[in-house]
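Chain nomenclature is as follows: A, B and C, assigned in order of appearance, with residue numbering initiated at 1 for each chain independently.
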Amino acid sequence: MEVRELELDLDAFEGPFDLLLTLVLKEELDLAEVDIAGIVIAFCERLAERGELDLEACGEFLVLVAALLELKARGLFPDEEAELLELEPEEAAEELARRLAEYRRAKEAAAWLAERLEGEGDRFFRLGPAPLAPRVERRLAPQEPAVLVAALRALAAEPPAVSLAHLELRFPPVSQFLERFRALLGRRRVFDLDAELDGMTRIEQAVAFLAVLELRRSGEVALEQAAPFAPIRVRRAESETERRPAWTGTARSA
Amino acid sequence: MDGDRPLRLITSSPVDRLARTVEALLVVASQPLSADELAAAANEDPERIETALRLLAERFAEGRSGIVLEHVAGGWAFRASREAAEACGRLFERPVERGLTAASLETLAIVAYLGPVSRPEIARIRGVAADSVVAGLVERGLIAEAGREEGIGGAVRYRTTPLFERVFGLESLSQLPRLDDVGEDAVEIRARLETVAERRGA
Amino acid sequence: MDGDRPLRLITSSPVDRLARTVEALLVVASQPLSADELAAAANEDPERIETALRLLAERFAEGRSGIVLEHVAGGWAFRASREAAEACGRLFERPVERGLTAASLETLAIVAYLGPVSRPEIARIRGVAADSVVAGLVERGLIAEAGREEGIGGAVRYRTTPLFERVFGLESLSQLPRLDDVGEDAVEIRARLETVAERRGA
């Protein structure tokens, strides 16, 4: 049985196994799209049809599927993928084979450790201190009582008065600007925000901008800006629906 | 002691075999083991365990072996012989420490001036949990438990130890420097510290 | 071994006295002690310690005593004799080894052979993220942090601990078997990949 001729019928690929492998190695097929379990099932079905165990084919197949899984796992590590994408398909295949060998080695070492652990199952030893071990002596050089006095005085010292300076930044209420802009829109259909903000402190400008956003949210105005950093124009909303605050919705009128 | 009697170390006698099992159990244990525990582990009668223990007590006796079998509260355990005490001391010794951390000093000062005092009180005055610092000072032998606060489930209280007095060169706690600017006695000092701590927290 | 030769346990010979000190040190130590550590604690020449250790290795040998002296993890330590394993198993747990999964063993193997090695490197070799497996091994004390990779923000690297050597009964990491040369293996796999892939191209 030739593994390379195994016919596959997957979502992402239809054709013989060796073509799939070629496309993958040339990076013309994204492995993320390939259902590797589907390949395994196809192989097992084919094996069952033949009714005999073809050990050589199984070995071949396992190596190839392991290679595909390794390639797919590579997708988990984007940095690595970028690094590998720079490789020619030829080099990528070589790198892949090297990694596969490395992983196989780790598995062999793990198997050795497992066997070793099994063999050491009858070796018991104490973890941690002995029941009647001497206490670990932590010796302290002679100390001056003055350090104790200093420590307590520091604890007894009044905490420094908390500075309230930062609280003196006074924020004018947003409502103040809401009223001001509503009044303005009562007289004019549209105004230029930058012109209105001119002469205000930075904090006032910030609060005024919040007020404009609030008017926009409630549907009372529409905002226009030709380009980033271009002047913002505030336009009175035309229709009744446009003016209705979002949270009342239409359900209420129904 | 019949010190010159030779002991055959290898024998196939059942008691010797049991003694070897008990030796093995004791060298792995991190707690003393009672005769019952040994019997259950060895799958043997407690009487035969007692016999094995007697044999081992003779073999692992002070002056005869560096490993000494000792009967302590809770059971049997191996310890180092007294003749090896100096060597063991060197094995467990750590370099002399020059000073204490700020947290340890604060805690130690509170216990020295206000003790006996509980962990929750120390935590209240310092404004941070005191558990690991208190445990560290207990381990170093600078403070020790001294009863509990009154009432059911009262917290453990701590006081300083004679080692504390030695390290700080004091003959007694009454020799601690006075802290009149903070308070005239423990009651005043405590009140002052607690007031400040509350204000700090606020 | 000349198992039936009687051993006098009490003698006043200096080597015997030193052997008793070494016994005492080993029975209270929490980890294997190197000849140098034993020499420092006993305040003796390392050569005389070696002599004492040889004497003790004979006395505390498998089959002869329930306490066995072993050379492990770069030092000397007592353990229970294997013949007492069943009794020990009834009394003691083996928390370090319990439930070591295949993934943990693979990771442990990678750290043992390639360490110090970082988590990303482990992940690259195993093809899956290694975070929880590494954390589990650190918690068991089988691996530990060992600096960082070079460069700013380099990944933490890990190596195996003396406990790893002790659990697996290794005198040192150099006792790990040599594995097949990676190069050859890679060539073989490469050849198989190519025969399959390039036949299609033809």
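The criterion applied here is as follows: a contact is a pair of C-beta atoms (placed from the backbone, for glycine too) under 8 Å apart; a residue touches a chain by one contact, two chains touch by 3 or more.
Worth saying up front: this structure is predicted, and the values here are computed from it rather than measured.
Colleague: Which one of the chains is closest to the middle, using the mean of its C-alpha atoms?
Modeller: That would be C.
Colleague: Could you find the chain whose CA centre sits the greatest distance from that of chain B?
Modeller: It is A.
Colleague: I'd like to verify one number: the distance from the centre of chain A to the centre of chain C, where each centre is the average of its C-alpha atoms, in whole angstrom.
Modeller: 38
Colleague: On a C-alpha centroid basis, what's the spacing between chain A and chain B, in Å?
Modeller: 49
Colleague: Mind checking the centre-to-centre distance between chain B and chain C? Centres are C-alpha means, answer in whole Å.
Modeller: Roughly 31 Å, centre to centre.
Colleague: Can you list every residue of chain C that touches 2 or more other chains, as numbers and ranges?
Modeller: Residue numbers touching two or more other chains: 27-29, 78-80, 84, 88, 92.
Colleague: For chain A, which residues are shared contacts with two or more other chains?
Modeller: Correct list: 124-130, 132-134.
Colleague: In their shared complex, at which residues does chain A touch chain C?
Modeller: Of all residues in chain A, those touching chain C are 3-4, 16-19, 21-22, 25, 60, 63-64, 67, 69-70, 73-74, 76-77, 80, 93-94, 96-110, 112-114, 116-117, 119-130, 132-134.
Colleague: Going by the contact rule at the top, pick out the chain B residues touching chain A in the complex.
Modeller: 24, 27-32, 70, 72, 77-80, 85, 88-89, 91-94, 96-100, 102, 105-106, 108-110, 112-113, 125-126, 139-140, 142, 167-170, 175-177, 179, 181-182, 189, 192-193, 196-197, 199-200
Colleague: Sort out for me which residues of chain C touch chain B in the complex.
Modeller: 3-4, 6-10, 17, 19-25, 27-29, 33, 37, 40-43, 59, 63-67, 78-81, 83-84, 87-88, 90-92
Colleague: Considering the complex alone, what residue numbers of chain A touch chain B?
Modeller: 124-149, 151-159
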